[in-house]
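Naming follows writing order (A, B, C, D and E), and every chain is counted from residue 1.
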Amino acid sequence: MSIFNNAALLIGVPLLFAFSIPLFGLISKQLTKWVTLLTISFNATFSLYILLAHKYPSIVVMGNWLPPFGENLYIGPVAALLVSLISVMGLLIAIYNLWSIKKGDVTRFSVLFLMFTAGASGMVLTGDIFNLFIFMEITGISSFALAAYGPEKRALGGAFKFLVVSSIGSTLYLLGVTLIYTQLGTLNIAEIAARINQTTPGLLTFAGVLIVSGLAVEAELFPFNGWVPDTYTGAINGVSAALSGIGAVSGVYALFRIAMTVFGKDGTYVSSYGNLNFMAVIAVLATATVVIGELSALTQKNVKKMLAYSSMAQMGLVAVGLSIGNELGVYGGIFQLVNHSIAKTMMFLILGVLVASGVGENIDDFRGLWKRSPFLSLAFSVGAFSMLGFPLFGGFWSKFAIVGASIQRGGWYDFIIGLVLFASIVEAFYYLRIVGYMFSSDSKFPKLKTPWTPTIPIFILAVSIIAIGVFPQIVGTFSAQAASEFTHKMSGYVLNVIPTIAAH
Amino acid sequence: MMQEFLQNYVYLIGSMSLIGIGLYITLTDENIFKIIVGLNIIESGTNLFMVAIAWYPKAVMPIYTLTNKLSINGKVIAADPLPQSLVLTAIVIGLGTTALALTIGIKIFEKYGTLDVRKIKEAGR
Amino acid sequence: MIIYIAALVVAVVITTALIAVFSKKLLSSIIAMGLVSLGVSGLFFFLQAPDVAITEAAIGAGLSTAIFVIALKKVKKGESEDEE
Amino acid sequence: MNSNLIWLVFTPLIGSAIAAILYNYKFLDRLITFSTFAITLFLVFGTHVGQTYSMNLNFMGRMIPLSWNVTHLSIFMLYISIVFGTILTFYSLMDRSRMKGFLLLLILAANNWIFTTNDMVGFFFAWELMGWASIVSVLGGRKERKSRHAALYYALMSIGGSYSMFFGLFTLWRLTGSFSISSNLAYLSSIVGVHPWWVLGIVSLFFVTFMIKAGIFPFHTWVPMAYAYAPDTFTPFLSAVMSKYGIYGMLLFLPISLMEKGMPTVFGLPWVNYIFVWIGVITAVLGTVLAFFQDDVKKLFAYSSLSNLGYIVAAISLFTSVGVTAGIYHAFNHLLFKGALFITLAAVISRSGTSKLSEMGGLWKKMPVTFFTFFIGIASAAGIPPFNGFGSKWLIYQSMIKQHLLFATILLFLASTGAFLYLFKAFHSIFLGQLSHNYDNVKEVPVIGQIVEYLLMFAMIFFGIQPGYILRPVGLIVKSVGLNPLAVMGNGYVTGMFSNVDMPLIGWSLAISFVFGFILFFISAKHKYVSQEDNYTAGQIPQDWGLTPETYQFSWKFYEPMEKLFAPFYRIKIDGFFRGLGDWTRITGSAVKQVFVGNAQIYTLFAVVGLIILVIAGWVA
Amino acid sequence: MRNDTPILVKKITALSLITILMVGFFWAFTEMPKGSSVNVNNRVSRLYILKNVKAATKSLNSGNFFAKGMKPLRSDVPYSPITFGKSANLEDGAANVVTSIVVDYRGFDTLGEVTVLFLAATGVAMLFFGKRKKNIIKAQASLIMSVGTRIAYAVILLFGIYIFVHGHLTPGGGFPGGAVIASGVLGLFLGNDHYESNHLGLKLFESLSGMAFVIIGLTGLFSVNSFLANFLPTGVIGDLYSAGFIALIYIAIGMKVGAELSAVVDSMIVDTEEEWS
């Protein structure tokens, strides 16, 4: 156990600035966006420092009460990678927001966006099962408000759907946590994880069902994901990008932290304690998500809605990879999570730029985009190809690993991956259709004038997709460490938090 | 006998009934505000549940005062303060969610002109 | 002995919640919801949780109901404006 | 210095990056494409058989060995594909069609990787790379809507194929724990006697991929669309080089002799091979029959490609020395003549602006060099002796007869006859007949194009009369897959099972008879050139006969009687199956979409129902 | 389930689903310790009540805590009995154990909780952003009412402050205190026609108190090397000036919650018109 208390700044600094942004807002509204940007860039720098200087695994003790007695943050490989991802995505979207958020209540939007990023980071970092709920609520409330932002009325409808489903989800989660507390008398993830087999199996199963259902709302698994299409479509594009690039990341992380570390039983393939194997349950849900998401996206004419459904399906793919439960599968899942986050964020940002410059959201409006804006259409294609898992783009490696892992596992996972691959063909159809529309030349509209501010994040994201595609070890080394953390519950997590806890 | 049954179950039955009733409102009533009322009742039920698991017969309140001893012979006799503190948090979070939900509800009414959840959707999908 | 009173309060709370379900008027179900919160906060006293009881009474029963009523007023006003 | 194998892959990738950056400067883009091809060709000169290289890829947190291994087959394939690519890119320097140079270079990288790699990770990577690069290349043909549809169709087939291989390679990995192609193949052939069905299953996963890429019978439906609507300068590459990847893959897997134990045989062939022979024959016949009636010239030659690949598959599936020799030899010949034909077509289409046979005609006077190239090309394709298509077809027949597959041989003969018909149709409709006034201003292709055409002409004649230059390396390949190579008597001889053919002799005799024929033709000629209007209707199109300017052409419905004859066969629509699958998916998609009704309450209900299902599952468990 | 499902079908479905869910819950209850079988001595709360977490940490570091098949021995941790008004320099000085958990042992949760409320208030204000029209409550406020609410406001404010200042001694604390203050503000709105709250003041209060909370936390980080750690002496349990930084934090929380909830009330009660010009 190494203690790295300064990492509390990852939460503290955004909070401090979030509280002070209203004061900056008194000076100038535009200043608040810069404050958000700088704060998130501090977070990004610090988390990248943690990641690259290999400051993990370490814990952050809150209030000088060592775990399992107080609260703590745990910075493992997964957390380090995902916090960096979340912060960098947040930074890039904040750069985009500099340009896109001009009207309305800019100050409060900045606060909410900053806290959305910080809340997602907190969700990833925290080592306390109730603290996870708090951060879930921080992320949740800020995303409801962000999703409702904007002049269009569909934003409100989407936000309301998100709010209702998510409230039910968090209630279920809270009930599950309480049930576990009644028997174990602790809320620390590491201690619960080590002692989970001391609970009675019926209660464990029920609590697990409640917790998994509650977290599946955030992780966008069917049937808990009804809110996804409407919310993503309703929100302004920057927010949709943040929801899929940041919110979904933390949601899926929380789900698998609970399913694999808390309920998990170590083995060649991680399974879970209790009567029900939650990994298998999640695998089934995730497969349903992939298939339903891709099929629903197939006939969409609205590109934004298509991206929303696709985002859902991609989260399903991530969950499929993680739920296989061996190192290769988790590797693929985490890798896919990174790829999806990058690509989907980029595509939503591109859509935002296009919509702002007068191109519609319908697929017909994408005709001849290549002639009108070569950079944006090329970047969009890069994102689409990464989604489809074409080589030289990031998505190839993750899909490769996920398919490899599930075939390695065999059994009914062969069937699952068959369905997933079928869904991928469907996905290929609708993405390549957009690409085909973009590269046709029958557009009579003039060339687009792309503002340079939002092109910075898009350019960075596109380049990083190709960079990951060519040098997969950029992400691969970290996601391999993450895989070993997820699949080795005791040595990867519990013993790093509470070193003196005995093995089973 | 009756007393023991009540001690064991009455709060749990109460909280579960509240959760069930809240869920029922949420699932059946089409009015947005009514749905939020349902969510709030679910919230209350959850809170009651969490406090109920912290309590046992003859527990004292977890506050040191001149007359209130929390432990006798190394055995704690106070109600569990931890779930209570969690509930404190949950109540405040519930208020935040309610306020935001109501705001979104009002805004929906302003823009869609209705409070019926069935009508809050886009034409094409 | 106190548990019987508590059982009575639980019964009252459930009845109030059922009123919230079945009342046709929105305002009365909001009031019923406030009463549910109040009853629950009373139960918190029985459960030896004065902190929670105070908080629930102030926030759950008081402020949250007030916000509800304000919101309802706003919507009602909108409705009447529409009628005009 | 084995690392040049890596540079075979990286040079095109770097070139591709540069070309992509310079995409807006058309000529520079093409120039870089061409020079990269040329540099790669020089790199191939430095490659020799037996060269190996390996490096570790840090993947999945462990080291995945990537290995390269140059075999006889791979070096042969490398040479022919890169030489052809160089010629094609040289031609495309003057071309104005919308071929994307950087994509072609990506395909080149994939090409080099596929042919040299010895591990399935690299193979799959390169295969997918080639797949998407070619899909995007097909976009942006002259007819945009159609090329988009074609690309989508091709993409779905191709990606489906890739996923099939995905399954196969990971299944192998699960069994052996290794990605190496050679050791996996050795493993497969070691267990083929014990678990023949297992091996069959795994191999068929791979074969589906290869068949899709080569466009073999049940999966041929994408071929005509993609070939026809791809950019004109990309089609030659698609047809000549890219269809050979499938053949290469099949040749990799065929040596797993399914014949050994446990499998029933038909005509001395393992029944799987027998089925493949028939699949090849069906493809050949089908391609021919469908090619008759195409009005789009690129579609016509696409079906012709299909037919030729059918020949190749039929021959290599026999897996006898003659069969494999014939198959590889025909693969080379097909590459050469079909490449030449598609290049000339690109020239014709770029000049005339149409690909409809019924709109062309009489172009030979305007484009004589193109005309002669095309002439020699179709002569080769039809298998007329001095040119290069003859020897391989002859060997294919021999190999079929050797296995006593008489009926199949007869069908192949018929297909060859049919090939004469459609090739003549194309030849006549494009170059002979009367010149339309639309084409009065048509000029011959520029000098670069003419150089290429002369080169191709020379190659077709040279390899026709000197087949030994090809048969020797092919013999080495045959030897390396474990069969007895055919003896090569000399450069001019095609050595068959029953007799040898002295190609120069045939060539000279035919040339002499041609010369006599021409002399007679010119001496006795009483011919007169007339313009299109100078005929019995005097340029007036008789409306009351129901004729339109379009139908008032000699090449309109060229083989109408025969079309009626074959009409019943057209009802069998193979791509109906795939389209039905697509429709079904779309209908399911719109049905599934109804799940998301857009009502918060119902979404909550979903969540609760999901929760309850899980609760019940927990209860039951 | 479709959008236009008849209400009766919906009700029956919902009822049956909820019945199944409740049955599931009761099934879980059978295995849950409840009523007289609840044993706080098994739970981590025992350490919080007896304020011997430091001793437990010592035991943890020596490896005794998780001995015996990993069952933590929470009742074996040594403790010294706490007497109200006498015990001094405890690891946590609050007499109200709930407060000590909320602010000290699990102070990070509370920071998050404050943030949630802050975000909710921000969200409400953001959605109601626009040109302000007027107070929607058109009370024909009499003079008595208007004056009365003002006086009541002063009293309520004082009461709220009392609640949160004594949070570590008596039931209550920052959250109910803040809510009480907000209800005073609500009374002002109801009792006075065209009441305008001081937005700048609210904003300043909100921001500064929130920042104060974080800064107290950061002070802990830089002085005691742990975020939100208590860096002040704890004093005698039961004194007003005890419990170290708990009182400070609760004051910050109380002010913040009061300001936030007032802001929520303010933004909900005042009509606005959206501007997306």
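Quick note on the criterion: a residue touches a chain if its C-beta (ideal position, glycine included) is under 8 Å from a C-beta of that chain, and two chains touch if they have at least 3 such contacts.
Quantities reported herein were computed from a predicted structural model and do not represent experimental measurements.
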*asked:* By that same contact rule, can you tell me which chains touch subunit A and subunit E alike?
replied: B, D
*Which neighbours does subunit C have in common with subunit D?*
B, E
*Of all the chains, which has the CA centre nearest the overall CA centre?*
A
*Please flag the chain sitting at the greatest distance from subunit B, going by CA centroids.*
D
_Chain whose average C-alpha position is farthest from subunit E's own_ = D
*subunit A to subunit D: how many Å between their CA centres?*
43
_Inter-centroid spacing, subunit E versus subunit C (mean Cα positions, whole Å)_ = 20
*For subunit B and subunit C, let me know how many angstrom lie between their CA-based centres, rounded off.*
11
*asked:* For subunit A versus subunit C, what separation do you get between their C-alpha means, in angstrom?
replied: 37
*Residues of subunit A touching 2+ other chains?*
130, 134, 137, 141, 144-145, 148, 157, 160, 164, 168, 181-182, 187, 206, 229-230
*Would you pick out the residues of subunit C that each touch at least 2 other chains?*
49-52, 55, 59, 63, 67, 71, 74
_Where in subunit E do residues touch at least two different other chains?_
3, 13-14, 17-18, 21, 24-25, 27, 32-34, 38, 43-45, 96, 98, 106, 109, 112-113, 116, 119-120, 123, 127, 171, 173, 175, 261, 264, 268
*Check the chains against each other and report every pair that touches.*
A-B, A-D, A-E, B-C, B-D, B-E, C-E, D-E
*asked:* For a test of understanding, state which residues of subunit D touch subunit B in their complex under the given definition.
replied: 593, 596-601, 604-605, 608
*Okay, in this complex, where on subunit D does subunit A touch?*
24, 57-62, 106, 121, 124-126, 128-129, 131-132, 135-136, 139-140, 144-145, 148, 151-152, 155-156, 159-160, 163, 166-167, 170-171, 173-174, 582, 585-586, 588-590, 592-593, 595-596, 598-604, 606-611, 614-615, 617-618, 621
*asked:* Under the stated contact criterion, what part of subunit C meets subunit B in this complex?
replied: 3-4, 6-7, 10, 13-14, 17-18, 20-21, 26, 29-30, 33, 36-37, 40, 43-44, 47-52, 55-56, 59-60, 63-64, 67-68, 71-72, 74-75, 78, 82
_Show me the residue ranges of subunit E that touch subunit B in the complex, using the header's touch definition._
3-4, 7, 10-11, 13-15, 17-18, 21-22, 25-26, 29, 32-41, 43-46, 48-50, 75, 79, 81-82, 84-85, 95-98, 101-102, 106, 109-110, 112-113, 116-117, 119-121, 123-124, 127-128, 170-171, 173, 175, 237-238, 257, 261, 264, 268
_In the complex with subunit D, residue positions of subunit E that touch it_ = 1-3, 13-14, 17-18, 20-21, 24, 27
